[in-house]
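First chain written, first letter: the chains are A, B, C and D, and each begins at residue 1.
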Amino acid sequence: MSRQEIRLSGFGGQGIMTAAHILGKAAALFDQRNVTLTKSYGPESRGGASSALVIMADEDIDYPLLTKLDLLVTMSQEAYTKYIGELSSGGLLIIDRDLVQLDQPRDDIEVRSIPSTRIAADELGRKIVANIVMLGFLAANTDAISKDGLKESVLKSIPKGTEKLNISAFETGYGYGSQ
Amino acid sequence: MNEELSNVLISKEHPMDDYLREDRLPHIWCSGCGLGTILTSFVSALQKSGLDRDKVAVVSGIGCTGRAAGYLYLDGFHTTHGRAIPFATGLKLGNPELKVVVISGDGDLVAIGGNHFIHAARRNMDITVICVNNFNYGMTSGQMGPTTPTGARTSTSPYGNHEPPFSVPYLAAASGATYVARWTSLHIRRLEDSILEALNKKGFSVVEIISPCPTYYGKKNKMGSALQQMKYYHENSVIRHGSDPAESGIDLGGEIVVGCFINKDKPTFLDSQKRSV
Amino acid sequence: MKLWRKPLDQDRVMIPHGEVHIIIERCKGCELCVTYCPCDVLEMSRIFNAKGYSLPQVDGSKDCVICGLCEMICPEFAIYIEEVSHG
Amino acid sequence: MANNGILQGSFFMDGDTACAEGALAAGCRFFGGYPITPATEIAERMVLRLPQVDGTYIQMEDEIASMNAVLGASWGGARAMTATSGPGFSLMMENLGLGIMTETPCVVVNVQRGGPSTGMPTLVGQGDMMQARWGSHGDYEIIALAPSSPQELFDLTIRAFNLAEKYRTPVLVMTDETVGHMSERVIIPPPEEIEHYPRRKPDVPPSADYLPYKSEPNSVPPMACAGDGYRVHVTGLTHNEKGYPDTVNLDVQQQMLERLINKIQHNKDDIIELHEDQVEGADIVVVAYGISARTAARPIRLAREMGLKVGLLKLVTVWPFAEERIRELAPKIKAFVVPEINMGQIVLEVERCAAGQTETILVPHAGGGLHKTKDVLATIKKFA
């Protein structure tokens, strides 16, 4: 599989960076692909736009930044507005449907949506795992990453004692995407 | 010489030479400068301390006192201006078995190096600091410094210094030093005892030593020769052990409070670090 | 030697006697040793060393008691005392 | 983790973390630093990990103190490093010179950001390359390495420690925000596969005649540390073989400075590492380092697909500069193309060595981002 570029975005505090790290780690260590993860930094720690770019390829990654965005995951309106223009024609947009309104409709892309934050809060009782729900949903909607690898990566990246909650979040997201 | 010195023996070596880089003597300090006397007190204290001299390192900065490390036959480091304390900090942490002593001047330690001084005291780094205070920058021919008394004349305060000075003991105590004393280079025996106490103290220990600068400070302020400055110390020093360091300020021509002001125990940087991990 | 009071055992105590050693090249003629010798043993000579500093010498009429003050106060490591052997 | 506290295996980590792990694998046991973006993650990793390998971390009061603490720790016998970015690098310059003068092995990492002054703390730059060469006062030689990926940052940090010991000098790792913050796969080999150049101690017993700076021409003297019993005197002043200051004797200065410079200059073959890709027979040679060597790969590939003969000469060692190789290539090619995230620094060296025998073209970037593929490609096409 040749180069794929995935952007995960939202606002500070949603666990976007953690999700991106889990995704990158899954591809690099479990799927054995070349992966580069870069993060967008600003001066603010909380509340600002948070975004990470994960590039995966079988060949060497000769350019570590954006060239052609294949998949945009966004969990905030601000990030949606900021990044929707980057998504290439034929690309896939994944949103948290309670947090993002599609006010810039494009007919050249595909859109999938999930109420990941609500699922995390209502079904799982912990809003904090919305990012993991989103990763499960992502796995169900793309071939870029293997489900097993991603699940393994989740397990290897989370604090001890939270395995059950996180796997449940992941599977819930995956199940939602497979419906 | 057609006459001979009467009733003395002419020698080539001194009993302390074993502790000195005698091939570098005579040193560069001026006649009557207190630095040599202070070095004698230090060597004497070191001999009494029982410390393994191969595990004692001396670090100096820049200036007249900065040359001290270069005359002692110990591991010695002559670093950059103001940086003796952070260098010593690294040295101590790189090899905690070492007894690390900083010998440097007032300008080096509390002007350009002031930030390092207060932070090493704050974190109670286990080093001994001997601060020789001659009230000016001697090496560069007598400019005003952080300890120059208000009103004193130096080459950069020709109308009299209009800035208030630091009191080194007050600064050290306020920053957290565990041992703080001040003497003059006249108080040789008490100074030796005090350096010995400081060497044996765990934590950041500071001994300030008031010392004559006959060539610049003394001359510019009409204090006369080194000898006359020593007489001034004799007449104006007041020993007040345990007194409040806040009252240790030195006015031009005023009294010099000397003694041991602070002597307390608290965990050193390494002690607390070990405990925290 | 100046004494505030006469010690009761003064006649029984042997006062040590010291010889003054000088390292001529190191001396800078500051006179601290001469000034602070409690027994006034030292005086300035009229002799200069190679750098032009005048050197201290011993006034033959006084005795050194090896108090060590000159050795301690000398900034030059240029003077020290050794005890005269009584053997 | 191997039983000695050093990681082993495959990891997905950012460059700053890889740098810290490289240092630990190289035997670094002291870190003194001051927080600064984008190098802070190195300090954060070191404070977490050093206690696990019996090392010491200290957060100093500023970068001046950090540099001095590193020098002190090295003389205490520890492998020591610090990490910083532009403003802190400036503050370290005076005492980097002390390290060079006193021949103190240590590693200084600069995670470069946009400048000058406070500049762009969270964004990439390569504007400190000349400061790395000439930032401290006086004449000297310096070793500086430039990694292009987290894996290289790991590998080159180890190499930096070994070069520092071998040549008894501070070694700079000139990385940048992009490499420092990007995460990739980093493979940490088993300890026995990691090169370890030990500190060379004197082979004579301590004595009053010991010469800590004994001067065979071009040589690196062994290092007696504090507490080893040699009672060395170490000074930033011009000093003789004994280590004693001699600040008026021109012969002493000449001999000392020549040795300081020649110990690097005469060992360039060992120190300089270049990665070449299709340089032989090329019309255009792109000379790049660090992240710019990485971003040059794509325009080079595209140019080759157009049938152009383009090679990449990547400067893994930036200082000392690979002047012989540039001189050798100059008459054979049409142009050197030099993309840098600055307004022209290393290009000056390339131009100097090309000496008018071929074109030397800078592709500048003011900082804050990486070169666009099309900009580098356009320059290649123009001169091919």
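Criterion: a contact is a pair of C-beta atoms (placed from the backbone, for glycine too) under 8 Å apart; a residue touches a chain by one contact, two chains touch by 3 or more.
Please read all numbers here as calculations on a predicted model, not as lab measurements.
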Highest C-beta pair count, chain pair: B-D
Where subunit B and subunit D are represented by their mean Cα positions, the distance between them in whole Å: 38
Subunit C and subunit D, separation of their C-alpha mean positions in angstrom: 60
Interchain centroid distance [CA atoms averaged], subunit A/subunit C, Å: 88
Chain centre separation in whole Å, for subunit D relative to subunit A (CA means): 36
Contacts with two or more other chains, residues of subunit B listed in rising order: none
Touch-based graph of the chains, sorted into line, ring, star, complete or other: line
Interchain contacts (touch definition) - all pairs: A-D, B-C, B-D
Subunit B residues touching subunit C - in the complex, by the definition given at the top: 1, 3-17, 20, 22, 25-27, 29-37, 39-41, 44, 186, 188-189, 192, 226-227, 230
Touching residues (chain side subunit C, partner subunit B) in the complex: 19-26, 28-32, 35, 45-48, 53, 55-60, 69, 71-78, 80
Parts of subunit D lying in touch with subunit B, wherever the complex brings them together: 30, 32, 51, 56, 58, 60-62, 64-66, 68-78, 80, 94-95, 98, 102, 208, 225-237, 244-245
List of subunit B residues in touch with subunit D within their complex: 21, 23-24, 54-55, 57, 59, 69-70, 73-80, 82-83, 85-95, 97-98, 115-116, 119, 269-270, 273, 277
Touching residues (chain side subunit D, partner subunit A) in the complex: 10-12, 14, 38, 121-123, 178, 181-185, 291, 294-295, 297-298, 301, 369-370, 373
